[in-house]
Amino acid sequence: MSKRIEVNDLNVYYGKFKAVEDVTLTIEPRTVTAFIGPSGCGKTTFLRTLNRMHEVIPGAYVEGEVMIDGNNLYGPGVDPVLVRRQVGMVFQRPNPFPTMSIRENVLAGVKLNNRRMSKSDSDGLVEESLRGANLWNEVKDRLDKPGSGLSGGQQQRLCIARAMAVSPEVILMDEPCSALDPISTLAIEDLIEELKKDFTIVIVTHNMQQASRVSDRTAFFTIAGTGQPGKLIEYDDTTTIFSKPSIQATEDYVSGKFG
Amino acid sequence: MTAAIPRAKVRPADRIFSGSTLFAGVLILAALAAVALFLIVQSIPALVADPAELEGSPTSFWAYVAPLAFGTVWAASLALLIAFPLSIGIALFISHYAPRRIAQGLGYIIDLLAAVPSVVFGLWGIKVLAPFLTPFYDWLVTNFGWFPLFAPPVSGTGRTVLTVAIVLAVMIIPIITALSREIFLQTPRLHEEAALALGATRLEMIQMAVLPFGRAGIVSAAMLGLGRALGETMVVAMVLSPAVVISFVLTSSTNPSTIAGNIALKFPDAYGVGVNALIATGLILFIITLVINSIARFVVNRRKAFSGAN
Amino acid sequence: SNEGGTTDTETDTGSEFTGTLVGAGSSAVGAAQQTWIAEYQMANEGVTINYDPSGSGAGRETFLAGGSGFAGTDRAFNDEEVAAGGFASCAPDSGIVQLPLYVSPIAVIFNLDGIDSLNLDPATIAGIFSGEIASWDAPEIAALNEGAELPSTTITAVHRSDDSGTTENFTDYLAATAPDVWTYEADGVWPIESGEAAQGTSGVVDAVTNGTGTIGYADASRAGDLGTVAVQVGDEFVEYSPEAAAAIVDASPFIEGRPDFDLSINLDRTSDAAGVYPIVLVAYLVGCETYLDSEQGALVKDYFTYMASSEGQAVAAADAGSAPISDTLFEKVTAAIDIMS
Amino acid sequence: MTTTLAPATTGITNTLTASRLPKWATWAILGGSLAVAAGVFAIVQLSTGGDFSIVGAVFFGTVLFNIMLFALSYLVEGGRQARNRLVTSLVVTAFLIALIPLLSLVWTVLGNGIARFDPAFFSQSMRNVVGEGGGALHAIVGTLLITGTATLISVPVGLLTAIYLVEYGHGALARAITFFVDVMTGIPSIVAGLFAFAFFSLITGDPGIRFGFGGAVALSLLMTPVVVRSSEEMLKIVPNELREAAYALGVPKWLTILKVVIPTSIAGITTGVTLAIARVIGETAPLLLIAGFTSSMNYDLFNNRIMTLPVFVYTQYATPGTDVQAYLDRAWAAALTLVLIVMALNLIARLIAKFFSPKLGR
Amino acid sequence: MSKRIEVNDLNVYYGKFKAVEDVTLTIEPRTVTAFIGPSGCGKTTFLRTLNRMHEVIPGAYVEGEVMIDGNNLYGPGVDPVLVRRQVGMVFQRPNPFPTMSIRENVLAGVKLNNRRMSKSDSDGLVEESLRGANLWNEVKDRLDKPGSGLSGGQQQRLCIARAMAVSPEVILMDEPCSALDPISTLAIEDLIEELKKDFTIVIVTHNMQQASRVSDRTAFFTIAGTGQPGKLIEYDDTTTIFSKPSIQATEDYVSGKFG
């Protein structure tokens, strides 16, 4: 249920503006990979190329290859919709569907695609996903209440449950804790620890401590200045990046001299 | 993990759906083109006819439409002049002044005005508003008759262009209010707070952040209202005391008529080329609307670099 | 009977007619048509008649194009139009019948406190409506109304803002009787700028009622409590009345050179015969001599017969305020209806 | 951590305070101004013998209030506060002014309409009715049928167009549609009627055609641009993050629009649709031309004339028989019915909005 | 030109919800004070009570005292408009007025009190403020272009220039660099260093490194959990907070164990 991702020479554009330049890296299955770097260096942009969410923005496009188990996401004729079912995503701000109940939110990936499911199957899926997201105990009595009535941390875990319910192989998370209080943050970090058993996880974070706590490998991006493209500077085991990075810029960044 | 990523180009359902939205959009353009074509084809006999055959034997077709075109623009501008400041005031009241809890209720009350059909506005104009305004016009003309807009003689029944403009204004207030209210409510908090943090009073905050941000939206709201006022038929026909004149006087019996009102008045008894002449005035109204909208769009676009959308 | 209604005169009339008949035209005839239609439908259960009060011009155009079975119009088709023919509901060679079935006095109404009636001569009326006489205490008015306490109020003369038969008849009257003052031709559209305009008879009545010192002209049935003018005919002053209105029609010749069953009347507004009231509106009901569709022809014929009958004329008089046609006219009309098929 | 320094300046005037008018001052000035205006008007009335004009007194009282408030505030609080206060009171006044016609309208329609607001009015047509009695059932049915059909035409077309503009269209075509939709809002209603009449008589070859569906088409022409405009605005404010959430779950675009975007904005869309219905339900001129006039019931949109409430109101007013009052009473009762229908629609729209709209609040 | 701020027993509410509890601290003139703490602990909320921006939010209110040179901001009859002239504010996201040119943006606050300013005076003020914000050289040739055309960092400095132009005595900054790239961040940190000569500065930051770089004193806030009020835990010299804080929670936080 988890896949290797290989990125080769990827350039990412917003219209004429090249936002990310020449990224090549390989993400192993069942690992947690963290992307760190100063604001604006293209972490979010790059992350979104991994499930073809980038092209949702008008004028945005990509050059290069992203291979998932050897299949190029950007190959001709690839249906982005199918890609996204395999590569799930959790956003910076929790975004449960406001018109749906907690239960419907979890089932959104199934229901929105017009797939029928028996009541018992769907009940099972809801419970399994919510348990997986460590949310079951908190919401099991109010599955039919609106999802927007939960606290921020609960909403974010609901979004994770929703992403898991479509059984993707990879889960991308863009600063999933940045809008949350510390208690919720811890809950989600624990959850990531669990999920790693089944999924390949990529997480963007601003928080060095978080990166060092949850990830196996860390990629450091930066930019030379406004208007310049972001670049991948260093990609290595998390412990290496935080203890003896091989590049000076990385060291400056992780030690707080910069950014 | 051999399952290759399935390959499919564009999904048919997506194509069908986007195709049908495109179709709807094109259908609207087609309907509009059909209306324009109808207007043009039906107008031609009047444009080529001997002007003596037209009502009132004018020197040319243009002499025939000129007073009507003037009256249309005049009445609608007056209505806009009355409705616009009021609507902006009401919208601001609801969005930035009224306590939050009652603001929604107040919005509903104003929306109710939009629920009144135009025949009813016509009846109200004739039976209530015109008689009510008559003494006021009397007073205006007696005391301010020297002012060209209030030149004597005064109307004895109150059915003047000003009365019509007031009714039209009441009709378009809910339209302009509803739209500008929504726009004001969307002013980014960030900009409002920026102004307040500089030590702005509420008024100054509105001047600095709310109004400039909403400028384009306010203009479209005003255009929607103006469109309604330009095209309103029944109210003008029922309430106005028209004549074939070009006159700015607000309080007299001889008021310029409007194109839509005039069609309603003359169409029932029109025959032959008279019918074509009336339709040709409809074409002129269509062109007026087009021109006014283009100007509005031009005005909005000219300062686009400074618009709130950035 | 009325659908869903409790008004039941539901005796089976055993009428042979069924179907729907459409007429269109003059709004002045609208009220009378509603009365006739109601009565006729009650007598002929299977029939539905719809009359669009869409205006005389529209009514004539619709009938010409074949969109209606009959037309109501406040002026008859003129010589050219009749000669041009092409009436699409009619059989190819058929002519048309134009019957003056609706005669209604036009009252000159005014609103002045405490005054119910005034005597005016044509020149004075023309002067008032052309704006030359601007005040109620003007010498011209005073001279005709000795003893009346005329205020110095400004006169507001109200005319129709729409194109109307009422206006056409009223201006025709002014042009015929006061040619020195009223130098304009008869026209359905008010020819001058002066005065106040209002839409439809109701609009004129409203304007006169709600204003002060107002004067206007309207179908006499709508005069209500307003003051009315007795107009000078010869040496007398005549108040409007149905009889006086019917009298002027009788006193007038038919238009010459028309086919036998075209009863278009050339109203003689200047007649000084005793008891005539010269400001009248005559509306015509127009049908084919021979219909393309004979069933429709039979129904129209029956309906026309009903409208012309003394019953028909009486209900219109009661409910719409028209003047019943005289017996002499009735005979001519009946002769014309007889040839319809 | 806690401060040990006692504030040294207690008791000295706070330099951050500005001189301000006391809270009651506004009301006092308002009361005073109204009293003065009323007094002046009373004196004028005594000396000239005219009627005491309440409206005049209130009007001049309000003007006086604004001037006084501005002047006093200017003196005490300075120019900026004075302008702020002036605009505040003007904005409130604007709102109150808008209420005047509304109240007057409601009062007039209710006062006149109530006389014939009886069961017969809602259970009978005008067939075979002369003078008093009769009802507007045929007109109510006609209005509901024609407006309903117009809604069925305009809402899909308008909503789909709005979706095109918001979700798909970016180029010249989208700009053209936006522009011409604005132009379309300016089509006079009578021209829409003329067009529909010409169009259908051409198609059917019937020169006198009058039928309900034609009326619905004419009304759609007026309604569609309003639907497009309002739906477009409402779709635009659906946050992009919801669309992205759906895409990220592998939901195709069209399902995202249908199942996420539209339900989220359904409240605004229904409000827009009711506005559009309110815009056309009172149209008289085009319906006279294409739907016609009849006293009888007709449930068939595709054959024969069909009556509608606005035409009913208008013809009852314009061509009454000798018993004028009976006709006027019917006209007002029909006007009242029309207003009530629109209000009921508004209410339903609000309920729909409440029921379907995003559930916020924790 | 700079003032001492004393806060006594301040409780801050959003309607019924108490967001910040019982804060007492004193900020010395001409210092830079940093507020740090996990997300949601009330840093922004508390900061906004220092110039009465808090009450702009419907239902929001404050209990307690905030004294600026002995004058209670929340005393009876205090005009918030006057308060805000003396205590300027810079927001997390740069918010120049999009409808105004760069020049107009700088003058926006000044024009409020002084409508008729001579051209030379206003030119002088614009130059001085933009120089003060280290922006003059970058924009001097395009003062009449819209302010929204600048890069994020430039926009933020424009906002600082705008705040400075009204010559306040205190400047509050709420995460002024969080939306900026590292180059712009450095520019703004340098600027803070400069400004401290004339102004009292309070800055909220998520970035521990930034706090240790720019501030003299640091206040650490935290919350016990969602729905609880935020509290001031420790307030001391920045060096003390980052080297040997007296409270365990502070140590955990600054060393990255938490948050």
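Chains here go by letter, A, B, C, D and E, matching the order in which they are written, and residues are numbered from 1 within each.
Please note the rule applied: a residue touches a chain if its C-beta (ideal position, glycine included) is under 8 Å from a C-beta of that chain, and two chains touch if they have at least 3 such contacts.
Keep in mind the model is a prediction, meaning the values are calculated, not measured.
Novice: Could you tell me the least number of steps, going only between chains that touch, from subunit C to subunit D?
Specialist: Step count on the best path from subunit C to subunit D: 1.
Novice: Name, by label, each chain that touches both members of the pair subunit B and subunit C.
Specialist: Touching subunit B as well as subunit C, we find D.
Novice: Give the chain pair, either D-E or B-D, that is connected by more C-beta contacts.
Specialist: Between B-D and D-E, the larger count of C-beta pairs in contact belongs to B-D.
Novice: What's the farthest chain from subunit A if centres are computed as the mean of the Cα atoms?
Specialist: Measuring from the centre of subunit A, the most distant chain centre belongs to C.
Novice: I'd like the Å distance between the centres of subunit A and subunit E, where a centre is the mean of that chain's Cα atoms.
Specialist: 32
Novice: Between subunit D and subunit E, what is the gap in Å from one C-alpha centre to the other?
Specialist: Roughly 45 Å, centre to centre.
Novice: Whole-Å distance, subunit A centre to subunit D centre, using C-alpha means?
Specialist: 47
Novice: Could you say which residues in subunit B touch two or more other chains, in rising order?
Specialist: Touching at least two other chains: 11, 127, 201, 204, 237, 267.
Novice: Spell out, as numbers or ranges, the residues of subunit E touching 2 or more other chains.
Specialist: Counting only residues that touch two or more other chains, subunit E contributes 81-83, 112-113.
Novice: Of all residues in subunit C, which are in touch with two or more distinct other chains?
Specialist: Touching at least two other chains: 27, 54, 199.
Novice: Residue numbers of subunit D touching subunit A in their complex, please.
Specialist: Contacts found on subunit D: 170, 239, 241-252, 255-256, 259-260, 263-264, 356-362.
Novice: Touching subunit B in the complex: which residues of subunit D?
Specialist: Touching subunit B from subunit D are residues 53, 80-81, 83-84, 87-88, 90-95, 97-99, 101-102, 104-105, 108-109, 156-161, 163-165, 167-169, 173-174, 176-177, 179-192, 194-195, 198-199, 221, 224-225, 228-229, 233, 237, 252-255, 257-258, 275, 278-279, 281-285, 289, 309-310, 313-314, 317, 331-332, 335, 338-339, 342-343, 345-346, 350.
Novice: Once bound in the complex, which stretches of subunit B touch subunit D?
Specialist: 11, 13-14, 16-18, 20-29, 31-32, 34-35, 38-39, 42, 85-86, 88-90, 92-94, 97-98, 106, 108-121, 123-124, 127-129, 135, 170, 173, 175, 177-179, 182, 186, 201-204, 206, 220, 223-224, 226-228, 230-234, 237, 259-260, 263-264, 267, 279, 282, 285-286, 288-290, 292-294, 297
Novice: Write out the stretch or stretches of subunit A touching subunit E in their complex.
Specialist: It comes out as residues 38-41, 151-153, 177-186, 206-209, 212, 222-223, 225-227, 255-259.
Novice: Considering the complex alone, what residue numbers of subunit E touch subunit D?
Specialist: 6, 8, 24-26, 67-73, 75-79, 81-83, 86, 112-113, 232, 234-236
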